Amino acid sequence: MKAEQNTSMDILLKGIWKENPVFVQVLGMCPVLAVTNSVINSIVMGFATTFVLVMSSFFVSLFRKLIPRQVRIASYIMIIATFVTVAEYIIQAISLEVHKSLGAFISLIVVNCIILGRAEAFASKYPVKEAVMDALGMGAGFTLAVLSLGVVRELLGNGTLAGVSIMGPSFEPWSIMILPGGAFFVLGAWLLFFNWLRERAKRQQERVMV
Amino acid sequence: MERLLFREKRTFKHGIHPRDYKHFTRDLPIERMPFVREYVLPLSQHAGAPSRPVVKRGERVFRGQLIAEPAAFVSAALHAPVTGVVAAVEPREHPAGKMVDAIVIQRDPHSPQTLFNEHPIDWSALTPSELLEIIRLGGFVGLGGAAFPTHVKYAIPEGKYARFFFVNAAECEPFLTTDYRIMLERYPHIFSGIRVILKILGSEKAYIGVEDNKQEAIALLRETMPSDLPCEVVPLKTKYPQGAEKMLIEAVLHREVPSGRLPIDVEVVVNNVGTVAAIGELFAYNQPLIERVVTITGPGIHRPANLLVPIGTRLSDVIAHCGGMKDNVRQVLFGGPMMGMPQRSLDVPIMKGTSGVLFLTDGEVVPRREYPCIHCMKCVDACPMYLNPSLLGMLARVRRYEDMLEHYIMDCIECGSCSYVCPSNIPLVQRFRVAKALLREKMARERAVQG
Amino acid sequence: MHMHGTGHHHPSAGEGGDEVSSWRMILTMGTIGLLAGLLIVVTYQLTLPIIEQNKAQYLQRAIFDVLPGASRKRAFIVEKDGRLRPEQGKEKHGYKVYAGYDREGRLVGIAIEAKGQGFQDVIQLIYGYDPEREVIVGMKVLESKETPGLGSKIETDPEFIANFKALEVKLKPDMSDLEHPLEMVKKGQKTAAWQIEAITGATISSRAITHILLKSSREILPLIRKNLDMLKQEAP
Amino acid sequence: MKAREPRLLLTTSPFIKSPQDTRFIMWQVNYALVPVILAGIYYFGLNAVLIILVSLAGALLPEWLWSRRQSHPVNTVRDGSAVITGLLFALTLPPGIPLWMAFLGGTVSVVLGKIIFGGLGYNIFNPALVGRAFLQAAFPVSMTTWIPYATPENVFHIRGDLLTFPFMKPRMDALSAATPLARMKFESQLTRLTDLLLGSTAGSLGETAAFIIILAGVYLGLRGVINWRIPVGIVATVFLLAALLHWVDGTRYPAPWFHVFAGGLMLGAVFMATDPVTSPITQKGVWIFSIGVGLLVVIIRIWGGLPEGVMYSILLMNAVTPLINKMVRPRIYGMREKSGR
Amino acid sequence: MTGESLSFIFINAALINNFVLSSFLGICPFLGVSGKLKTAGPMGAAVTFVMFISSIFAYAIHQILLIIEAPYLQLISYIVVIASAVQLVEMFIKKFSPVLYRALGIYLPLITTNCAILGMALFQTNRGYDFIQSLIFSLGAGAGFSLALIIMAGIREALDLADIPGLVKGTALTLMIAGILSMAFMGFAGLGG
């Protein structure tokens, strides 16, 4: 990586594509599989995670010089848990239905390795602006990933997108897509797709080199 | 219960039932091959260290004269098969596919080719250790194929006891009829050989294990057995690899040789029936190991035969004697079809361990495509050592040789049963040989580093 | 890591070193804890009224759904000894039933929550009981994970839900059991008022609903009948 | 004598081979399936023919594409293994299923059940059952709607939802019938033994005629193509357990013969569980495997929510087969100090 | 009235709605540690043990929070409790079985961020289980996690010898297998009533 051109924009973008937390780093799989049976759930989960990511990165970066090393992980977890609790109450206030369908997985954002991972690997080492940009990028990448699962699963599993009928009334839904098995298959298929893209890119690069 | 039921047809577990193809030569009496011009005697035709030559180029040698001496404890002596002149001591093509130092003897066309020294030896007057020395100097090795020096087998380690002596006459390899013909034609030498060996070993009893597709041999041996000889003929169910030492012992005694150990650990010494007969002849004619019976067989040779050949006779001479090869020959093997060695050249000599020469044609040698393993279990059911060839084969395919150790690859006796039954045509035993060789090399290297 | 351009942005790792005194650790943790607690409490206090209202609305909607004609409700706690008492304030504990009243303050029926094992997981439902006619007048599945497209029809299939408009749950005079225990029959074979027509292909989920209703009505209905007079009084 | 002889092959021993190769084994299974298919056609007429052809196409298409792309040494289409997958998958389908689902399922069988694992020999699960489980989860209604068997008049009629337009909802106006197991589970009605044996009941295309499947199984067992221990172990376990339950409470639990001959048990035991690739490699392991399948079948049928559990039982035991292979290793010769005495 | 029988709670968490294959809890260690049987077994045991301990603590904390009426502290206190439980278990094992400690050493810290544990604690609270039910639930969850992990490890070890197409290798294949397993586990639906 060219260090000199490391603008905030680059930091933001790498989370979405090059270092996508889900498709590239294969992190935080639990919510990706669990709550993506509909587009709405995916969006809410994506936003909630991004919110927690940004807020905790902000505070971790802000206090990075004050927190002693020995207690840093404990502090990060505390900060993260705080914002997860906040996010949970906000979602509950906005819509009980959504909160219900996401179930315990909102609380489980606490143990999403992406967040602790970013806090430890990035926010604790960089100033606030970069940390927030990084968090935003990772959050966007995560949101994109859950959304890409949610779209496929809701479209095939229900014939709708965000509740709006797309495939018409006579479409036969594939129930498996909203069942756990479908979650594994769709995520597996997306990873396969990205493997294929990367392989193709590599092959093209090799051809150019030759 | 099981032993009662199977009293008459003893056998081991697992194994395979290939067609025996013995019809080519089973009814042909042993025929002496006429002498030819030149004989090639590789210094390494037995397990262990190569022999050390004691003759020089140009030296005249007599039939039966010592021409190379054992170079170590595990080694064997070599004798001139004919009276003639040493033409060369130089590398020659060896049946194992490499160039190996050999003594080349040009026959003296005028010599009557009588033995160097033809007085019978009175074995009853000699001590076991004297007998053992005679066998050692006679150049005896196992004639079944492995060519392990016989005197080494008889040197029982401290604290061990060879309660039983086994004569291995199972001859489970398809096509081969060497042992069968020896039993029919030379049985007196078998019995006298057993007497000598029993004396050397101090054993209680001898067993002759014969597969039940050789009924005539079983009947003849039983009929002619001297009443004072503590020996029993045991008919065995025809099954491959009945002739493997460990399988034979299991079949007769229901004892398993512990993993990584030798037959002596279950109080047994095993010899091939040909070796036993040759020892009988040694004492009868004072003849060291200079000739042997070889089955020349297969659909690719014009005139199959059971041939008595001087050691060192070149394959091309044997072929010429047997009417030549057919045009469609694709493969020439030393030994049987299950464990034999393919030959690239027809210049190689018949060695002490060459039990047969098999000529296969296009009809038998069908190139087969390898499929992935389908875990059909046939190899597991065939392996007489109860290994899991399927798993070992897959490990070998991805070169995880170290892991193969955990699955006892070193216990493989390379009988080829797994490759024979594999419906996916996976060259299992072939891969195991490679793996074992590499592992042995590696272990030797490690030992060297440590030591 | 990759950042060279901005020199002073070094990881804070080495700065504190390893000789951080434990009081500083405690102080840091304490401060963070305090701030975190503060933030959480503030959020909680701000969102609590909205959440409570949401919850109440949700519950109320469910109750009114299964008690057609009801416009007001009142919660009763079922005591361990089998007596009912009106809920005082907001109680967190105890099993509650809800009496629904119409505009005139007459008791329309009682909404009862029940749950039990379904095909895939626990099914939670609420049903309305009309003590006057001794029938179930409505049923709504609150939570279920039944097979989509098949078992999930217990929530959506109008024909199935129609089963629960007037389902007889008459008690025996001694209240030991129902006069006619609820029964599941195949579609189109309903002959009696206490029978539930199954969803074709989703027999297991239909049967689960039947079981849950039967078990719950056997337990709760006698209690309700015993305390009917109290239930009939509208809240002050 | 130096005349250079014909180029001699330098392969290594052994030089003779048993004539049974993989292709032979695979086609033997296919031949044994022929009577089962004929029974299916007899009972479900044109429906059976169409469903089998479409499933086969669905299974062979990806296999063909893959074996072409991979420049594989073996042509897995011609060796018959993909044909087995396609046929077996078709035989587990309800005879009124939309053809587009049959095609999709056939493709899923081969792609998800086989190709992603590297093809023949490496798959963990029985491919046909992976395809069926997928359809079961995706289209539960279509997969549990059964049409009654054909009468001579309607053999040439296409009944059920076969011709539904791809991806569209089936009309579901087929006059549905209940399988013997469903009738037992939900209505406590027993089906006659002769009907179960001959196949005159509702059910999947190839599972109804227990008698014919048994004959096919005996043939394959005698030829050594399948391991007889697997069907015997499964059926014996089911029989014994069912007999025990029947003995405990004859009114609640049907007689053991019912469980043995009803549903997919015979088809599963003879053709699915015996897939060598997905069953254990040692005889002891095979016994564990088959007893496990039998146990799960009885547990699911009697205490589970579903009327039938053969497919799930086999898939679950497929999943633990690698563990069985790990645990139950053959005893190596000579690993016991003194044996057999 | 929590009418769920203990047997159902156990079977539900272990089989019908298997913690990993159906509830998607503990996916990270499931993907990460399922490569080798040697590590899968100890990991399963460790997680089950920590779950059991955490379940007791979570139950106690929940009761306290109910009394002091501070539901908003649930998440923070649970995560602290789990982290401490892991520490406790680590110390305990270190003291009483150094052999086991060496075997599990590397996994124990990982367990803190294993969402299966926190998920278990949250589920038991949300579903209103009583003390005994909670314990059984934690054991069922642990059994389910271990089962999925061990089965997957067995399969992946077997596949080490296979010719997997390059594209599918790795996480994609593991996910596909998990999907098939998840479908197979659907057969358990309706059990344990």
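Going by the order they are written in, the chains are A, B, C, D and E; count residues from 1 in each one.
Assume a contact is a pair of C-beta atoms (placed from the backbone, for glycine too) under 8 Å apart; a residue touches a chain by one contact, two chains touch by 3 or more.
Everything quoted here is computed from the prediction, not taken from an experiment.
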Label-sorted list of chains bordering both chain B and chain C is D, E
Report which interface contains more C-beta contacts, comparing C-D against A-C. A-C
Taking mean C-alpha coords per chain and comparing to the overall C-alpha mean, nearest is chain D
So, comparing C-alpha centroids, which chain is the farthest one from chain B? C
Cα-centroid distance, chain C relative to chain E, in whole angstrom: 27
Centre-to-centre distance between chain D and chain B (centres being mean Cα positions), rounded to whole Å: 48
Where the CA atoms of chain A average out and where those of chain D average out, how many Å apart are those spots? 41
Averaged over CA atoms, how far is the centre of chain B from the centre of chain E? Could you give it in whole Å? 60
Provide the list of chain E residues touching at least two other chains, using ranges where the numbers run on. 72, 76, 161, 163, 168, 173, 176, 179-180, 183, 186, 189-190, 192-193
For chain C, jot down the residues that touch at least 2 other chains. 36, 40, 43-44, 119, 147, 149-150, 204
Touching two or more other chains - residues of chain D: 112, 118-119, 121-122, 134, 137, 139-140, 305-306, 325
Go ahead and list every pair of chains that touch. A-C, A-D, A-E, B-D, B-E, C-D, C-E, D-E
Within their complex, chain A touches chain D through residues 167, 170-172, 174-177, 179, 181-182, 185
Which residues of chain D touch chain C in their complex? 139-141, 144-145, 176, 182, 186-187, 305-306
Inside the complex, what are the residues of chain D that reach chain E? 70, 112-113, 115-119, 121-122, 124-125, 130, 133-134, 136-137, 296, 299-300, 303-306, 309, 311-313, 315-316, 318-320, 322-323, 325-326
Within the complex, chain E is touched by chain B residues 372, 391, 394-395, 397-398
Considering only the defined contacts, which chain B positions touch chain D in the complex? 16, 18-19, 97, 174, 246, 250, 254-261, 266, 314, 316-317, 320, 325, 327-333, 335, 337-344, 346, 358, 360, 364-365, 368-378, 380-381, 383-388, 390-391, 407-408, 411, 416, 419-425, 427, 429-430, 433
